[in-house]
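Quick one: the structure is below, and I'll ask about it shortly.
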Amino acid sequence: MGTHLFKTERVTSFPGNEIVKEILILINCKVYREGVGRRADVIAQAAQQVAEESGVTIAIAPTFTDIHRISRHFEIPVYAQHIDAVMPGAFTGHVTAEVVKFAGAVGTLLNHSERRMTLADIEVAVRAAKEHQLNTVVCTNNDATTAAAAVFSPTYLAVEPPELIGGKISVSEADPGIIERSLAAAKRVNPSVEVLAGAGIHSGTCVRTALDLGTRGVLLASSVVKADDPVRVLQDLVSKL
Amino acid sequence: MGTHLFKTERVTSFPGNEIVKEILILINCKVYREGVGRRADVIAQAAQQVAEESGVTIAIAPTFTDIHRISRHFEIPVYAQHIDAVMPGAFTGHVTAEVVKFAGAVGTLLNHSERRMTLADIEVAVRAAKEHQLNTVVCTNNDATTAAAAVFSPTYLAVEPPELIGGKISVSEADPGIIERSLAAAKRVNPSVEVLAGAGIHSGTCVRTALDLGTRGVLLASSVVKADDPVRVLQDLVSKL
Amino acid sequence: MGTHLFKTERVTSFPGNEIVKEILILINCKVYREGVGRRADVIAQAAQQVAEESGVTIAIAPTFTDIHRISRHFEIPVYAQHIDAVMPGAFTGHVTAEVVKFAGAVGTLLNHSERRMTLADIEVAVRAAKEHQLNTVVCTNNDATTAAAAVFSPTYLAVEPPELIGGKISVSEADPGIIERSLAAAKRVNPSVEVLAGAGIHSGTCVRTALDLGTRGVLLASSVVKADDPVRVLQDLVSKL
Amino acid sequence: MGTHLFKTERVTSFPGNEIVKEILILINCKVYREGVGRRADVIAQAAQQVAEESGVTIAIAPTFTDIHRISRHFEIPVYAQHIDAVMPGAFTGHVTAEVVKFAGAVGTLLNHSERRMTLADIEVAVRAAKEHQLNTVVCTNNDATTAAAAVFSPTYLAVEPPELIGGKISVSEADPGIIERSLAAAKRVNPSVEVLAGAGIHSGTCVRTALDLGTRGVLLASSVVKADDPVRVLQDLVSKL
């Protein structure tokens, strides 16, 4: 995967217990026309440039068919957008932990609002991902589902109120309470789990607010993927870290 | 609903804190030929008779179209087998909390292994059920998913290892550990939640073992529904309480 | 089921071959708050009254839990909103042809846009319905899917462009071409199949136009179910027959 | 894509109308451990070698993440195992015609028994594939569903009785009638459609029988993918052409 650049900061809420943590900016390319094929390369290139400039970890979740190419050509962490809860076998058209790992992914999104999974399948998929040393970012929609998914000890929980996804208002502006409640609920169930803020993140202020609320980073999509100048948007996103 | 008969027993594991709890025997009729239509009435009649004889709460989960008739004609609690995570509206072919409540149900199964739900939908459906004063029995397959579902505070969690469903070996015989681990995991997340044992329960000994492991009852199907003499089977099931 | 009243008209497109055909007005109650429980009875009562006044067959598709009650208390044909492609057996929360038949249904909707089915499941469900002497109304969205479903010889195909469902503009007004093309495509594949017009039907003029386009009737929902006075709306719907 | 080698034969059933047709051997790698990553390369290499030796078109359908690499490194046609019925946009974890085309695929399987699609989605996906000049192989399970899918004019229909998939008995041995009936039913609906035989194909005799029944080739998986020596198995498969 090349160099895993990251920037550290002190955990202000646990002053006596200064943990070094990695902040993650994760770009979900979905299957936006502006996020697949050659255009995915453009976004990966922008992410790599801004990661190098800033020292912040910027990862990309391209469509399945782009994972192999992007992980070979760029020095940024690559995530899958989804894996199915199946083991290797007769599952035509499915995606396993094994194949995204082989393709070069270091992690995977799971249970995105556009690809919801059953409770049983989330548990199996998180387990399969861990067996292949893949990070897991389990998406959830409110404090209750965030706490429930925290039981499975994913690497990150990404809280995305569905009504804000793809919009111009970030979750940290529109409903900071949902982040705070979700974080608190998740930590009660599993103190070691970390939360990303999703939905509507589009500026350095959004990112700063999300971190100040206790998250470890953000999951975003259209604001970077559809940008005329992804480098500039990413530079803004990391500007207040 | 008529009289809700029940039998009490002391919670032996918390000797200083004697809670009266209701033991529940819940019969899932599925859409077995032997469990629908007139035959559902036979099972409901058997359940009512044995409930009256024994003082144990025996409930039935008939197919949707039988809920209204059975809840009108029999003095036993009736559960739906599933509700969808939708509110009243344009959802052709879906089932809401509202309609099963109107039909006479006092509760609903959710997330049965034959009708798995997404994490987000389980949360919504439990909430909708509570708003309509319906009990919820959320089915799960192992300790992790049981603990996750416990976050939603359903009335009961029914632990059913899928490989034992419909078989002749009960979970309490085959894998008592899964019940114990699930119960412990669920109580850690939510001390007030109660667990039922599912899968393969077919005798009074199975039920006794399930209760001794700390559960509040059992969820069963074929052993009663497919019985030549459901009264006799039910009498055996409650014989060691 | 009581009397199956119907009104006949000559098939104008086949002048030498005068077939008596039944016109069907089918009311889909969905799970609208205004279409379930006691309110479903109100709609069934209205349908029965207008059917008796007009001689037109007006059928109702209530939610599953209302089928039994409505088919016992009213003299109109009752349809299920959906059946699953499963045989009697271990299918918790599913609905079979057998159980809706037992509950009193004379037919079922299939593949509604709010409850799409796989190609394989539509074929199985139509077959299961026929084995139980249930009519089938397979919903489709354009000429190609209408023709494909025609292969299974359902009783009716209901063409419903999804973008018009629930709206105030009927398919016969907004896009009569889709009805004509679908009818032609379906007849090429299976000359004996009949088509209903769905989506947005709200007046006698819509119904008249739909029949003039060659359909045998209409599938509608909100215009009747959400009406303050369902009798008056139904009287208008049949006023130009 | 390199050279598209193919072998022709006369259409014996239409003696006056000698059409040159391409025979297709299509290998579905599923997500078998023996069919992904480096092992997919081994199979692709074997397919390329035997295609060159024999002049028969041998294509491969690898897992999504392998499409790009295999289409770049081998001179055989590459198919996707599935595409979703979505257009470019906010569909995390989905696969579009656009992205598999960009990755180098020349076609896609659709509606495999392990990845069934709704009727509406099959129609959309076939249309999307055509817009991207992708071949389509729509899998079906019996004569009725084969005829229904024929309406959409896919490049091929692959008839696979589910009970034979993955087994040692080929459809051409176990139930030649299903191939004949499906072919006849499909041709009645759409004379220009072509059929592949699926399920259990494992020898040159199976392939020969399938062609003699009127198909244009075979869709197979485990017999090649799990073979110790894929070259030898493929050589046998094409030995009677």
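To keep things simple, chains are lettered A, B, C and D as they appear, and every chain counts its residues starting from 1.
The rule is short, and it goes like this: a residue touches a chain if its C-beta (ideal position, glycine included) is under 8 Å from a C-beta of that chain, and two chains touch if they have at least 3 such contacts.
Keep in mind that what you see is a predicted model, and the values were worked out from it rather than measured.
Undergrad: Which chain pair is joined by more contacting C-beta pairs, A-B or B-C?
TA: If we tally the contacting C-beta pairs, B-C comes out ahead.
Undergrad: Averaging over Cα atoms per chain, report the distance between subunit B and subunit D in Å.
TA: 46
Undergrad: Taking the mean of the CA coordinates per chain, how far is subunit A from subunit B in Å?
TA: Comparing mean C-alpha positions, subunit B is 38 Å from subunit A.
Undergrad: If you look at subunit C, which of its residues touch at least two other chains?
TA: Residues 113 of subunit C each touch two or more of the other chains.
Undergrad: Counting only chain pairs that touch, give me the topology of the graph as line, ring, star, complete or other.
TA: Here the contact pattern is a ring, one closed loop where every chain has two partners.
Undergrad: Subunit C touches which residues of subunit B in the complex?
TA: Spelled out, the residues of subunit B in touch with subunit C are 28, 30-33, 36-38, 63-69, 81-82, 86, 88-96, 98-100, 102-103, 109, 112-115, 165-166, 221-222.
Undergrad: For the complex, which residues does subunit A have touching subunit B?
TA: Residues in contact with subunit B: 111, 113, 116-123, 140-142, 144-145, 147-149, 151-152, 185, 189.
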